[in-house]
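Multiple structures are listed underneath, in structure tokens.
Both of the next two complexes hold chain A, though its partner changes from chain B to chain C.
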Partner chain A sequence: MKNTLKQVFHSGKFLFGFCIFVVIIATCIIYPIFVTADPLQMIGQGNFFKPGTYVSIEESTLSKSYTLQLPKEFSKLEAVLDIDTRSEIQQFLIKQAGIAESEIDVTDAEALVEQWKANYDPDTKYKGLTTAKRKALKRLNNEINAALKDSGVIIAEKDEEGALAQSKVIKDTDYVNINDVTKKTFILGTDNFGRDVLTELIAATKSSLKIGLLAGTIATAIGLILGLLAGYMGGLADNIIIFITNLFTVIPSFVILILISYSVGDNARGIAMVGIIIGVTSWPWTTRSVRSQVISLRNRDHVNLSKLSGHSMFRIIFTDILPYIASYVVMAFILQISSGILAEAQLSMIGLGPATTKTATLGLMMQWAMTYSAHLNGSWWAYFPVVILIALISFSLNLMNTGLDQVFNPQLRD
Partner chain B sequence: MKGYKKYYGQKLFWYFLTLIFAVILNFILPRLMPGNPVSALASKAVSGMTDSTAIQKVINDYATRFGINEPMYKQFFMWLGNALRGDFGVSFSQYPRPVSDIIAKAVWWTVCLQLPAIIVGWILGNILGAIAAYIKGVFDKAILPIFLFIGNVPAFGMATVLLFLFAIKLRIAPSSGGYGYDLIPSASWTFIKSIISHYQLPFWSIVLITIGGQAIGMRSMSIYELNADYVKYSRFLGIKDRKIVGYVFRNAMLPQITGLALSLGTMMGGALVAEMVFSYPGLGMTLLTAVNGQDYPLLSACTLIITIMVLVANLAVELLYGVIDPRVKANQMD
Partner chain C sequence: MKKNLQKVMSLLCVSALTMSMIAGCGGSTSDTTTTEAPAATEEASTEAPAEETAEETTEEATEEAAEETTEEATEEEATEDTASSDADATPRNETLYEAGQQWGTINDWNPMSANSNNGLALSANEQARELVYETLFMFNSLDGKLYPLLGSEYSWNDDQTELTVTLNPDAKWSDGTQFTAEDVAYTFDTHVKYQSSTGADFSTYIDSIEAVDDTTVVIKAKTDDNFNPLKVSSFLNSVYMMQKAYLQTVEERNGEDADAVKQDTMEDLVHTGPYGPYLSNDQKAVIIRDDNYWGQADSMWGKLPVPKYIAHTIYKDNAAGQVALSQGEVDVCQQFITDVQNLWLEDGLPISTWLDDAPYGACEAIPSMFFNTERPGLDKKEVRRAIAMAVDYEQIIASAMSGQSPTFAEYPRSVVGPTDGERKYVDFDAIADLQWDNADVDGANKLLDDAGIVDTDGDGIREVDGTNLSFKAECPTGWSDWNASMEIVAAAGQNIGIDIQTYFPEASSYYDDMTTCNFDICMWSAPGAGMMNPYSKGMFYFSEEYAKLPSNWSGNFGHYMNDDAEKILKAIPTETDEAKLKEYYTELSKILLDECPAVALMYRPSLFYAVNESVWTNYPAADDGRNIPPTDCTDGYGIAALYDLELVE
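Coming up: the complex of A and B.
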């Protein structure tokens, strides 16, 4: 036993997969210790806030300000000059001021404004333009002039009569220390309900792992028992079991999964129920492979010797057969966990996942992101992390499986 | 030839039996649902009515129309008879469209998308796996882990990744649907072009997933075969490497074909969910609307048609296997 474990952990593939898996599980355990907030708390009022740090605007305007000379990312000029405005200015410069198109660079806002100021005169009545257009140009000129001033923003408050009274002027060199104000960092933004995606993701991973574990345990148990019975007893029992197994291997388990989930009804479909349903639909291939392994073991000498010694069937199965297929069963179990997690995700995306609002699962997160078309409006943070996590979990489990396979089947080693 | 007849006869019989079982499951499972769907439908129809005799009449009418007062076996044969004539009833959510009409429209989208995608993915995956096993070295060390990872990305995940990259960021492919929403299906050139451009993303997401899974399997099978005694013996005899490799990959192929038959159902399930991501007008979308609209005749017809598709594909693979595998041929000679 000790040697086998040592050998297993010497396999690079197994170790790599094992490390990823352990990191995922450890995150699921450790993260909630530090972030105790309810993962399903709806913080944001609105759909899909971008990842980043959110700072209270009110507190920022009221708290002590510092004067810093820094170039700004947010330029008022850039904000005024959107693509349509720029092309309008370009049109004006070409048609009215007679500047060649090659001399105008619409991507350089400051140069464009300089050309505008040099050529546009608000008092001139330009020919060939409608009155509406002339007025629009005048408004544009005012906007540009306003954007060029360093006036900052005025904060005003309503007094008792409802008149606005200036209370504070915010200059464009005013800064606030971020530690002085209330802030919240959403590393992965928020989802369609305004929930923190990162916190929710970790809670979801935890419940998805639970589903996978439950489904894997049930599927492996059923598969193992049926496989042992069929393989060891042979005869009629074998015929019946292999008949049923063959039926369920050919009928897609996906279909049975849908049918059962649908017939269970929304009220009964919790996390555990989904795990059980996935478990009872995914045992057939485990049964098949356990059976074929047992058949090859059945007539070995040590088994025959046990039979001659009059040992009971259970004893023979437990001491003479199980140890030989143990490694195989472990590998099957690992694969069942990973396919269970995937099955939950797919089921949820059709709308037949856990019908609960109390917990999140990876599939449900995916489902809500799709329902609110996160994939079409570019809110990648709502579903990419989920996809990556599902892929990582099943990648790590499959790596472990391949590693084990190479340890126990030396022919596969490179 | 006589032996083949027996082999094919057995296979056909076995698949027929499975089909019957699947049909029975398809009939029974939704009827186990707490609160049967017919009474739910009837109660929806009588909501707002106050006259109790009228309510009773409506409910009775529904009950006789759907035959829920009859014993289960009679209901089954009634349902089966209708299903054989292609009559799956009327859809609840798209009333008064008959279910068979909806399914008939959707099924070709799915078949034309998934069949080529799975075949192309399978072939490419096998080639890649075989090359990785034969060449080893950098190719094996670098490319295979990538495909191992891709093979573990769920199909719907790959769909969202491709959608984000090519439709949202690069804007070189349409994001959803089977054809442009401004077009009416016709045999015109613009329509065909629109179908082809909408086809790309769903197609490649299924292909990529299939490649990943198949390459891994083919690689380990090939390594297994390359180390077999007959290969060493052939090398010792001085047979050309190319000829040996041909035999090795043919032998490694066989389990891959069986593997394809076994995993077809799972693959299709995954691909259906990927279809949903693209709002492709196939069975995946139909399934989704059926579940969301509590449309149980549509759902049951969907699952039945999916089962039949998988069964037919499986049967085709197994029949093909009989031709390819010399051992089957040899067995039948006895």
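Coming up: the complex of A and C.
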């Protein structure tokens, strides 16, 4: 046993896969210790807030400010007037304001703005412009005005009569220390419900792993028991079992999975139920391969010797046959876990997974990201980490499987 | 040796696989190039493949079509399908492309049909689609007035029992014959004779329609219990006119059999509208302008609508339509788009909506959740009100609706919508006490505790009469904003010890549940703007008549019965005194807020509206002063926009 383990951990592939898997599990365990927030709490009001740190604006304006004479890299105006904007202004001045092209110098920001201010009136409805363009120019005008404004924003408060009284002026050299204000960091932004993606992702990984583990255990257990019985007993028992197995093999298991999940209904579909449903639909291939392994074992000498010694069937199966296929079963188990996780993701993608408000799963996260077209809005954080994580989990499990295969399969041994 | 053989074999296998994949991809690559060449010149390239969405006939239903597959899948399939559609290409600069109204091959052109999916010609509500068939008058949701179309004037007699309509003498059918008062009368008689849904609906309130002379029609209202002038007047703007001669042909060829007449596809239709059928297959539906359209007479528009064709590509889902809009392949898009402002703010696309800022559209409808008041637990008003109080509406509006709705802080709840024209009917100070704060979980918990509805067995869920309060909140799958809203309602239930599960069945089985009162909590939208509003909204929330229908599509799905409300609903249609009406609607709002048979979840436009100005411009916008509503250039008075469109220079 010790030797086998040693051998196993000498396999580079297994070790690599194992490390990834352990890191994922460890994150799932350690992260919730530090971040105790409910992963399903809807914090952000809106869809898909960008990753980053959010600080309280109210507190920032009220808290102690520090004056920092930071050298400014560029003037505000230069920042607004990038090349595209300048050519847009030029276009406007030529077409709508009728200024000769020679009079416009796009390289001189201030002159350009002066011409713009002289000729653009936000209330005029210019001919030859689309509504979208007109609105864009209006926004540009606002930006230019903001850039031209002197430094300083006035904070005013309403007194009892509702009149505004100036309470503070914020200059462009004013800074706050980020530790002085309330802040919230979303490392991976928020999803369409305004939930913290990272926290949710980790809770989802945890439940996906649970589902995978449960599904894998059930599938392997059913597959193993049926395979052992069919292979060892042969005859009628074998025929019946293999008949049933064939039935399940010819119907695509995903179809059965959909039908069962649909008929179970939303109410019952928790993590455990989804795990069980996946488990009871994905055992057939394990049965078949275990059976063929057992058939090749059952006529070995040591099995015949046990039979002659009058050992019971179960004893023979458990002491003389099972140990020989144990390594294979472990590998099958790993693959079942991996396919269970994928099956959950697929199920949730079509809306047959666990309830959204009660559990987070990787598939549900994908489903809602797609429903709110995160892939069209460029909100990569809502779906890409999920994809990566699903890929990493199945990659690590498959890697472990290949590593084990190399250790146990004499044909592959170098 | 054996090992080597294996290696060689596997190498062979892999290379064979690779080759076949390359071959496969190669084929489709060449496909792509051939189809994209014409795309570059004129034709929209992404024709999404057809998916029969038969059950989604109304546009309420279609605009929320499921987004199950990824965009990649759609595009892949799209390129395969493009080649054949190129033969049907219409010049881009003469074609206005729409999205979000048609979701499959057009199955009929019959205004009497009960299961038509025709989103180009048939949408007979208060803002009817006026492209192919026309109504007597067009409704304008901006000012709440009727504008003349086939009819030029209408007037009531003094006791509101007879409505006299004068028809436009210039109006003609597409076969060149005169549109006459006989046609109007025969249209109504045929609807009634064959008991189409329109016929069944209006025959309750209209006694008869008679042609006085060629251009004068008198609509006689029923004067018994069903005396309802409001409903009678909605005949003007929501019933499509059909030709008497043509209807007789249809009746004859179907042997006057009611089912056969209603299922006639009417592909040889005779219509009055500016457009006629041109092409319909599983990839797109196109209608073509009738250059002899009567509306170019000076008494109507004085000109023809600008686009020669109106085309609707059949997209698989919202995502495909959204991609097409951002690529300029769709001009007018009637779809919910998440964070629509990013299309112009971040992507810099020439796309705009009705308003430049949130809520972006002209919101007038009220998607609401109904409680089934026949279910134990939900028959108690404390339970209903507690759920209503605990819901985080601001979250629904900000995330489920992506900010495309005003909040309830801006427009407090009542039976009327968020437009000024309707809000003047309710005294909001009088109902201020009945409003609740957003997500008032403490208040809801207290309400339940005070009512003695508590958790006695310690499982975290309150009981009534020993049974756990456990409900299913249901709406059709794939209607993304509604699904998300229901999830937020379910989350609220957890906070107040009521177990609420979401349940998203296929649309058809949802309709069964909703129309037969077989649900716990369901969701449907109160009607948008119309002549009958806010009366139709009152009916939607309270009507006992609706509740008694065997298959109820109209409202009061939860069978809430309240005699006071019923009395008011009976009184409103004949009341003309505005002060009295205000009293009535305020009283209805009080009942709605106190008893909570249904709860408004958000406001939204009846039609979503986003336009891309790559090809066409001069679409209606809120600040353009033209008084044309944002109904996608197709519905009600919104069709006026078609006559003002211009090509982008």
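By our rule, the second predicted complex is superposed on the first by the 338 of 414 C-alpha atoms of A that agree within 3 Å, B and C clash if a C-alpha of one lies under 4 Å from a C-alpha of the other, contacts with A are read in each partner's own complex, and residues count from 1 in each chain.
Keep this in mind: a residue touches a chain if its C-beta (ideal position, glycine included) is under 8 Å from a C-beta of that chain, and two chains touch if they have at least 3 such contacts.
Since we're looking at a predicted model, the values are computed, not measured.
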Classify the contacts of A:192 with the two partner chains as first (chain B alone), second (chain C alone), both, or neither.
-> second
Which chain, chain B or chain C, is in touch with more residues of chain A?
-> B
When the two structures are overlaid on chain A, which partner does A:408 contact: first (chain B), second (chain C), both, or neither?
-> neither
In the overlay, answer first, second, both or neither for which of chain B and chain C A:47 touches.
-> second
In the superposed arrangement, does A:370 touch chain B (first), chain C (second), both or neither?
-> both
Check whether A:351 is in contact with chain B, with chain C, with both or with neither, and answer first, second, both or neither.
-> both
Footprint overlap on chain A, where chain B in one structure and chain C in the other make contact | 265, 267, 349-351, 370, 375-376, 378, 411
Could you pull out which chain B residues touch chain A in their complex?
-> 14-15, 17-18, 21-22, 25-26, 29-35, 136, 140, 148-149, 151-154, 156-157, 160-161, 163-164, 168, 175-176, 216, 220, 223-224, 227, 262, 264-266, 268-270, 272-273, 276-277, 287-288, 291-292, 296, 299-300, 303, 306-307, 310-311, 314
Residues of chain C touching chain A in the complex | 3, 67-68, 70-71, 318-319, 322-323, 326, 337-339, 342, 344, 346, 348-352, 356, 392, 394-395, 398-399, 402-403, 470, 472, 477-478, 480, 483-484, 487-488, 490-491, 494, 501-504, 611, 613, 617-619, 621, 624, 648-649
Listed in rising order, chain A residues that touch chain B in their complex are 246-247, 249-260, 262-265, 267-268, 285, 338-339, 342, 345-346, 349-352, 366, 370, 375-376, 378, 380, 383-384, 387-388, 390-391, 394-395, 398-399, 402, 405, 411-412, 414
Can you list the residues on chain A that touch chain C in the complex?
-> 40, 42, 44-48, 125, 128, 130-133, 135-136, 192-194, 265-267, 349-351, 355-358, 368, 370-373, 375-378, 411
